[in-house]
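Data block below; observations after.
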Amino acid sequence: MDNEMLPPDSAELRALYEGFEANHLKPLWTQTGNLMPKQPAPRAIPFVWKWSDLYPLAVESGRLVPVGRGGERRAIGLANPGLEGRTYVSPTLWCAVQYLGPRETAPEHRHSQNAFRFVVEGEGVWTVVNGDPVRMSRGDFLLTPGWNFHGHHNQTDQPMAWLDGLDIPFAYQNDVGFFEFGADRVTDYATPRFSRAERLWGHPGLRPLSQLQNTVSSPIAAYRWEHTDRALNEQLLLEEEGHPATVGQGHAAIRYINPTTGGDVMSTIRAEFHRLKPGVQTPVRREVGSNVYQVFEGRGSVVMDGVTHKLEKGDIFVVPSWVPSSLQAETTFDLFAFSDAPIIERLNFNRTLIEDRVP
Amino acid sequence: MDNEMLPPDSAELRALYEGFEANHLKPLWTQTGNLMPKQPAPRAIPFVWKWSDLYPLAVESGRLVPVGRGGERRAIGLANPGLEGRTYVSPTLWCAVQYLGPRETAPEHRHSQNAFRFVVEGEGVWTVVNGDPVRMSRGDFLLTPGWNFHGHHNQTDQPMAWLDGLDIPFAYQNDVGFFEFGADRVTDYATPRFSRAERLWGHPGLRPLSQLQNTVSSPIAAYRWEHTDRALNEQLLLEEEGHPATVGQGHAAIRYINPTTGGDVMSTIRAEFHRLKPGVQTPVRREVGSNVYQVFEGRGSVVMDGVTHKLEKGDIFVVPSWVPSSLQAETTFDLFAFSDAPIIERLNFNRTLIEDRVP
Amino acid sequence: MDNEMLPPDSAELRALYEGFEANHLKPLWTQTGNLMPKQPAPRAIPFVWKWSDLYPLAVESGRLVPVGRGGERRAIGLANPGLEGRTYVSPTLWCAVQYLGPRETAPEHRHSQNAFRFVVEGEGVWTVVNGDPVRMSRGDFLLTPGWNFHGHHNQTDQPMAWLDGLDIPFAYQNDVGFFEFGADRVTDYATPRFSRAERLWGHPGLRPLSQLQNTVSSPIAAYRWEHTDRALNEQLLLEEEGHPATVGQGHAAIRYINPTTGGDVMSTIRAEFHRLKPGVQTPVRREVGSNVYQVFEGRGSVVMDGVTHKLEKGDIFVVPSWVPSSLQAETTFDLFAFSDAPIIERLNFNRTLIEDRVP
Amino acid sequence: MDNEMLPPDSAELRALYEGFEANHLKPLWTQTGNLMPKQPAPRAIPFVWKWSDLYPLAVESGRLVPVGRGGERRAIGLANPGLEGRTYVSPTLWCAVQYLGPRETAPEHRHSQNAFRFVVEGEGVWTVVNGDPVRMSRGDFLLTPGWNFHGHHNQTDQPMAWLDGLDIPFAYQNDVGFFEFGADRVTDYATPRFSRAERLWGHPGLRPLSQLQNTVSSPIAAYRWEHTDRALNEQLLLEEEGHPATVGQGHAAIRYINPTTGGDVMSTIRAEFHRLKPGVQTPVRREVGSNVYQVFEGRGSVVMDGVTHKLEKGDIFVVPSWVPSSLQAETTFDLFAFSDAPIIERLNFNRTLIEDRVP
């Protein structure tokens, strides 16, 4: 639509615009369309990072860059090509591959930013969260909610890599972050099979009577793969037996939750796990907010904005806000997913559109 | 305190009181003290029902009384001696021992009243809740929230007895109950090890993506003993290792919760399980609301209003509102507990007083 | 339906029943129908108390009975004929007419029971709530939530009568009440036009920054008639102008709310005001829970359980749980209403049935 | 602190960094300090816009720039000098002065972005929100929550200017905004004294029975100055009488709220009004989140980061996240304030530090 407010150039108009400039003012009428598009027009683009590219670079980092204080983590961030060279996978989310070599320690610190880890492969690292050592193994989803001290150490002779997700861009953009250094070594090098958090909270439907105060973030430090895998399998079995259980035909999914509220694990980040049976294709979906997925197992593809991307184990992709997307499973297809949905929903900006068509 | 409002008897006064009577009116000034006591003055009394008395009567009922339509359940209700001959364990709660003989079926029905079962001994019965067969075994806590069809059947050649808890008195007193007959037989005689509800919901911290709507009552049909037992053990182990986990020294406890909210399993009934180490004695406690306990295992005693009652496996006792009580463990002492606390708390009548003394 | 569980009489059976009796037990199978009816079967009956009967008795009480400590209030309670001679207008609610003679003082006390007053006629009394003097005038709705000290005094040479509503039966039945005497005189005999509570809270949509903590009960001590009247008028005007505003054609209504939450004024009592245009008849409605109305102005009738009762100013009637009822307005018909709906709804027992028929 | 992770330059390292670049990756260790500062380090700076500069430019815009479709509004946005030339008063908030000449109409549109208007001076404009004409007068606070159609028209021969506040930067940054054009003229040119929204909702503590569903944003379209002024006056009077009412000695304040919840008026924007008595100085305060103020009446100053800025009627200033600030009143000092606090609090990033010192 034409902008009826743009007057012809004139000396007076130029003087007016100079007055704006001198006084740190800007007219709305020269910028409406960009600032307030008809629908979300993300600068972030749909993008796939291949594990086959990522992992060797992580290994090489392990060889060349020591892990230590100041840099804090040997984490390689995914920088969405649309976001002006910033290490943002989306405007709200940070996603990185972290690599810890044999016997290395990443020092302790804490920050307002909420963090999680997801382990696509390997084991042998313990993350120590507020003094509680938490084993990291394949398929586990691990929490480090804001302002908890945490460090990591590798107990083995093998390196280990995993996915880190945080709300760093959101915190940076909105000036909400605090950061504090902790111990240079982790506070406890014990390597228990289960963290204290799990021993206290990891019992379905049971709440410790000493813990009746609800918490902003989930007190469960580790969501173990064995539970996730079993929950997904049961959904598919129930579906086969004729009972409602899945989100779509052949599509099992769980959301990780805070047991004190039944809601998302952290205030800014939602995390889920999806399993598609071979051949399943999900409806084309548009959602306000940014979604990131990592392939955990299997082969398939994602169609984003009409473009098909082949996917293999370890591949990570981002679906920016309102970009139409659909998943397709070639084999049984397991994907870990996270998003900024709690931000979007708590501020009531959520909208979803399921398109009635094949991609 | 004297009642300054009581005028001397007179013809005029008698005429006034007759006027009240004729018009279905009553003066407050003749009844304040009783109606509004300085602190809760329950008519219910502290009382212990011995399993050694209860169980043989249940067996005898099994011999003499058929289970069937109309009477619906072979349930023997605990009638608090203070409550005018009603089958109320407290003004709000119903507690009964239900007995089902070999191969018997208790027919299906549904009602607004919330119900649970707790199994102090035995196995072999399946309760079918809205068509979902739920195994009942020792130590399990099982839900039948309001308006779910349910029936039971015994698959074995052994009788089985268990504890039923409901909010029948509350529903009756406040005229909120609806009741409907269902099938004369249960709708599904399958005997799966795990109910569909458990297969969908029984994974710690994981919520099916197809079930994002919160529910008034917990969707978990069965809280299994193995989880309860492990949760309590872990609390005691964590305490021994020097970490906060128990509600008091040597006193582990869990509350059964609705995973969609983190709150109580049903709107009117709270359920918990407590484990005391040998020799532990809990502080004297007064609480608004009624609490009922059943000894699951071990030996100990309860002091109520200063009177000590010895307790053994299966014994059931009620602590009426504001009655001071304390538990004492002789052996490891396991108790199932339920109460009307959700009623009290949702209506903001809750008060607790922990007395700083030995009972 | 027949009770299939009633065995033929026998010596063994009698022995069993004696065993029950001796051990404070009762079988469910002899009482199911009464305890768990198919729909609420309230013992309370629909009933109308005529103001023309009530008020003269209140006046006579004023002449014969002094107001003072012990009896506390010259309040005459409405005793539902169905409720075994208790001063209960319903199983949950207490409703009384309180009468205070010229220059009298009702002494201060406090109790867990929630209370309100509604003024059908007159003025000149101040109720002093936690030291804050609150004027009482015709049409005002005034709160004394649980555990606030309160007393009343009449500043004039005229007597005054008003309606008291409390949750005394509920508190008594469930053993939740505490009571404490306060000053024998009220703590402040000032007679300001507006209470401090109103001055702080009575501004639409504005919350004092010093009062950001939500409160269990409304902090607004007095809901003035001028606001209620204007709100109802505006609804009817908006309806005439073609905009949605009323609950039904010609039926304006407001609910009194707690401004810190938008919910009911107190945890156990809902209060509303209804205005019907002449000729309006409301649909037949059944609701779980007890509703009490007082005619504030105008003439009309209520049909309860098919029986029509004529109503005039001051008349009070109760609609017990699930009793079908409908209001009919002869003139403009103003009714104050209160109920136990917060109890019913917070415990998820609420059901409503609007019947598609004329009464 | 030194960054121990920075290895010496080498060909291998350069190759690694080139590999990162080629694959849209970035290491965390080169950017931690900036991305995750020890405390919020806003790029936005504390800044004051003088009304004496702003207003003449608005007038000149009125002379030179027609209001119309495409540009939509003759709004002049405040561009924080620290925010890279964007029209953001803070990272989250947009603040503009809007100017509407005699008899002009700003066309209708709607958008996800939440908007409000505050009138520092003048009258004669009606904003039409979803078809409901809302008068705009001095001191009024007016809402246009997300996705409501709205346009404005000036009914008089005088121009009018007011303050617009929106969450445009937040919506833009996070890709959550939708926008739709509406009628080129407003849908209703009526000029009622009170909007339908006010007539329905503007009664303290009274909720229309037809409106029991809670709403995401406040249904009150206009918060009138007369109520705000009275509420503030009453607080100061109550303080003088010795009662708790103000937030600090001589400092009255109200928050505008959504009456359906008691919470903020919109999901992303908080609005308040503050009144300081002459001579009052508020404690130095740091808060996570951005606050914007406009002087409504009186003279005083604000100290931000230790720098004192003199303030007069109409002046607007921003306090970026965690910047210490204090207000000082020379005369009675009235300020309208708005912030992104609902964003910060709903995502649990809120922190406040009151410093125990004079600025």
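As written, the chain order gives the labels A, B, C and D, with residue 1 at the start of each chain.
Throughout what follows, a contact is a pair of C-beta atoms (placed from the backbone, for glycine too) under 8 Å apart; a residue touches a chain by one contact, two chains touch by 3 or more.
Owing to the predicted nature of the structure, the values given are computational and were not obtained by experimental measurement.
Trainee: Using C-alpha centroids, which chain lies at the maximum separation from chain C?
Mentor: A
Trainee: Centroid of chain A to centroid of chain D, CA atoms only: how many Å?
Mentor: 30
Trainee: State, to the nearest whole Å, the distance from the C-alpha centre of chain B to the C-alpha centre of chain D.
Mentor: Computed value for the inter-centroid distance: 52 Å.
Trainee: As a quick test, compute the distance in whole Å between the mean CA positions of chain A and chain B.
Mentor: Here chain A and chain B have centroids separated by 43 Å.
Trainee: Going by the touch rule set out above, which residues of chain B reach two or more other chains?
Mentor: none
Trainee: If every chain is a node and every touching pair an edge, decide which shape results: line, ring, star, complete or other.
Mentor: If you draw each chain as a dot and join those that touch, you get a single closed ring.
Trainee: Under the stated touch criterion, can you name all the chain pairs that qualify?
Mentor: Chain pairs that touch: A-B, A-D, B-C, C-D.
Trainee: So in the complex, which bits of chain A are touching chain B?
Mentor: For chain A paired with chain B, touching residues are 196, 199-210, 212, 214, 218, 220, 223, 227-228, 230-231, 234-235, 237-238, 243-247, 253-262, 265, 272, 274.
Trainee: Which chain B residues qualify as touching chain C in the complex?
Mentor: For chain B paired with chain C, touching residues are 1-7, 10, 12-13, 16, 19-20, 23-33, 35-42, 44, 47, 49, 53-54, 57, 60-61, 64-81, 87, 91-92, 96, 111-113, 146, 168, 170-181, 216, 267-268, 288-290, 320-322, 340, 342-344, 346-349, 351.
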